[in-house]
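For reference, the structures are reproduced in the following blocks.
Shared between the two complexes below is chain A, which has chain B as its partner in the first and chain C in the second.
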Partner chain A sequence: MLDLIFLVIMIGVGYFAGTRVEKKHYKSIEEREAKFIYLPAVSSKNLLEDRPIDSTLLVQGNAVIATDYFKVILAGLRNLLGGEVSAYESLLDRARREAVLRLKESAQGADIILNLRIETCQISTAGSTEALAYGTAVYYKK
Partner chain B sequence: MILTNIESTPGKKIMEHFGLVCGSTVRAKNAFKDMGAGLKNIMGGELKSYTALMEESRRQAIERMEEQARQLGANAIINVRFSTSNIAPGAAELYVYGTAVKVE
Partner chain C sequence: MKFTPRQIKGNVNISPVSPVKDFFELVLRILGLILAAYILLGLAVDYIAPRVSIKTERKLGRLFSAGLKKGEPSGLEARLQRILDELLEKGRELPPFTYKVYVEGSKKINAFALPGGNIVVFSALLKKADSENELAMVLAHELGHFYHRDHLRGLGRGLIFLLISSVLFGGDSSANNLIHNALTSAQMSFSRSQERAADLYALDLLNKTYGGVAGAVDFFEKMSFKEKCWPVFYVFSSHPYPQSRVAALKEAIKIKGYPVGQKRPNIISEDAIQETKEKDI
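Moving on to the complex of A and B:
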């Protein structure tokens, strides 16, 4: 009985805290994405413009995001029936977008980021993911 | 040391190739920090201590790779790639590799 109460509390805390945290995070991601709209990060390796280059720099950004308990239960139920697990989709989406934003933040003054690569890895079995974004920042001669 | 993850160093010509260089580090998580992470796993959100740990470990792997390149007489590393593998529960290997070159 005590176990059941504990479980319900964990799910409840997970649902309310998790939803709030996610909403706040998405708001912050969207704000910062709008701020960095001037700095394109592309997956191609070649520059379109033929301008003199001052320097290049390897830049990276990473983020480890944990899922909440409510989503763990939700995904667990999904595992019985199969199908799309949207609870984990938003987790990965947040981690990747956050990593790309951190990459852009570390490339102050750059003109373009070439060959953007995103890699993910599982940190723990409990459901936290790391996303790593890296690329080559190009600075044109001013 | 110039690092890029493309096959060239834009704006600079490659003079000489030295072959593959790599650096790796295996890190285990801190059990005390992991207690905080356990709480975060209920509430959701970013695990800041893990983000910092991974960043720091990756920097160490890059330093090791750069050291190897320096010994070969290179001054740039092109086509840098990162890779992560879980070798045991709670421990991860961070591996970075690239091609050491000499640019003008």
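Moving on to the complex of A and C:
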């Protein structure tokens, strides 16, 4: 019985804390995405404009996002019956977008980021996820 | 080609489902599946239980009786054993176990049968009994559980529940604790219908042995006076509400037309009970 009460508390804390953190994070992501909209990051390997280049630079952004207990349980239940694990969707989405934002932050003054790639992996068995975004920052001649 | 940056509206990467709704839906579906599996496997146990060999049950019995003290029975136990032996002579179609009575010191008014033929009586119960017939009724009731092989049923369902949980949540050490808990609770509790069936068996056996059913309901009548529990809550309990048990027994006596017969005085003396040290079990 005590185990069950403990479990319910853990799930409750996980849900409320997790939701709060996620909301805050999304707000910050959206703000910064608007701020960095002037800097395009594209998956193309080739230049989109025919302009002389001053320099290029490998830039990368890395983000690790932890899950919460509620999501772990929800995903665990989903594992029993099959179907879409919607619990982890927001986790990956946040990690991906945060990584791209950090990549843009590290490419100060660049005109475009080419050949953008995103990779992801699991960090711990507890369910933290990592996203790594890397690409080539291109600086045109002014 | 000119690149025009623009923000994408909405987010296709996140399913528009409420996680809370998703959670409860999953929990209900899984509970439903577990329930269905439990009922199905339970039916399987009801089918298998009467077909388990005496040899296997005896083996199981050894597992459960490991905690019982060995050696010579006490004076109290010898006297109870005499009552039991008398009942066994008339006991119809009982599985061929070696039936033995053990007395445990405890403040709880209870008696239970362990798989394999051992019956444990708590000392507080002995104090409550005023006549030998009452004690015989209690012992006969436990024999009724052996007759119906209720242990295997109780055990089987406990084991099945354990099996399901260990498949779902993995067989770690907490599952081992569950095994123990499931088995100990299974040996103590039977369903209400099983208790009633054991009552009816006991009534019949008491009538055969003592030539009447005097004292059969005395014990339960005393208990129902003690019980201060709302009948509503008793619905969920495994032992039938003593008041209804008394009524059911009285009705069975009327229908079968059992003679009343003579009560025998209690041969268990107060002093002998005092000898058994009470501990809280």
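The criterion applied here is as follows: the second predicted complex is superposed on the first by the 142 of 142 C-alpha atoms of A that agree within 3 Å, B and C clash if a C-alpha of one lies under 4 Å from a C-alpha of the other, contacts with A are read in each partner's own complex, and residues count from 1 in each chain.
Simple rule for what comes next: a contact is a pair of C-beta atoms (placed from the backbone, for glycine too) under 8 Å apart; a residue touches a chain by one contact, two chains touch by 3 or more.
Worth saying up front: this structure is predicted, and the values here are computed from it rather than measured.
The superposed arrangement places chain B and chain C next to each other on chain A without a clash.
Taking chain A as the reference chain, the count of touched residues is higher for B when chain B and chain C are set side by side. Once chain A of one complex is fitted onto chain A of the other, the partner contacts of A:Leu77 are limited to chain C, with no touch recorded for chain B. Vertex at chain A: the C-alpha centres of chain B and chain C lie 110° apart in angle, rounded to steps of 10.
Of the two partner chains placed around the shared chain by superposition, chain B is the only one that A:Arg117 touches, whereas chain C remains out of contact. Contact with neither chain B nor chain C is seen for A:Glu31 once the two complexes are overlaid on the shared chain. With both structures placed on the common chain, the touch criterion links A:Pro40 to chain C but leaves chain B unconnected.
In the superposition on chain A, A:Leu57 makes contact with chain B only, not with chain C. Closest approach of chain B to chain C, taken over C-alpha atoms in the A-based superposition, is 15 Å.
Touching of chain A by both chain B and chain C, each in its own complex, is seen for residues 71.
Residues 3, 15, 33-34, 37-40, 42, 48-49, 70-71, 73-74, 77-78, 80-81, 84, 86-87, 89-90, 92-93, 112 of chain A are the ones touching chain C in the complex. Residue ranges of chain A in contact with chain B, taken from their complex: 10, 13-14, 17-18, 21-22, 25, 45, 47, 52-58, 60, 62-69, 71-72, 98, 114-115, 117, 119, 121-128, 130, 132, 134-136, 138. Within the complex formed with chain A, the residues of chain C that make contact are 1-3, 5-7, 11, 13-15, 17, 19-20, 22-23, 26-27, 29-30, 168, 174.
On the side of chain B, the complex with chain A involves touching residues 2-7, 9-11, 37-38, 40-48, 50-51, 54-55, 58, 80-86, 89-90, 92.
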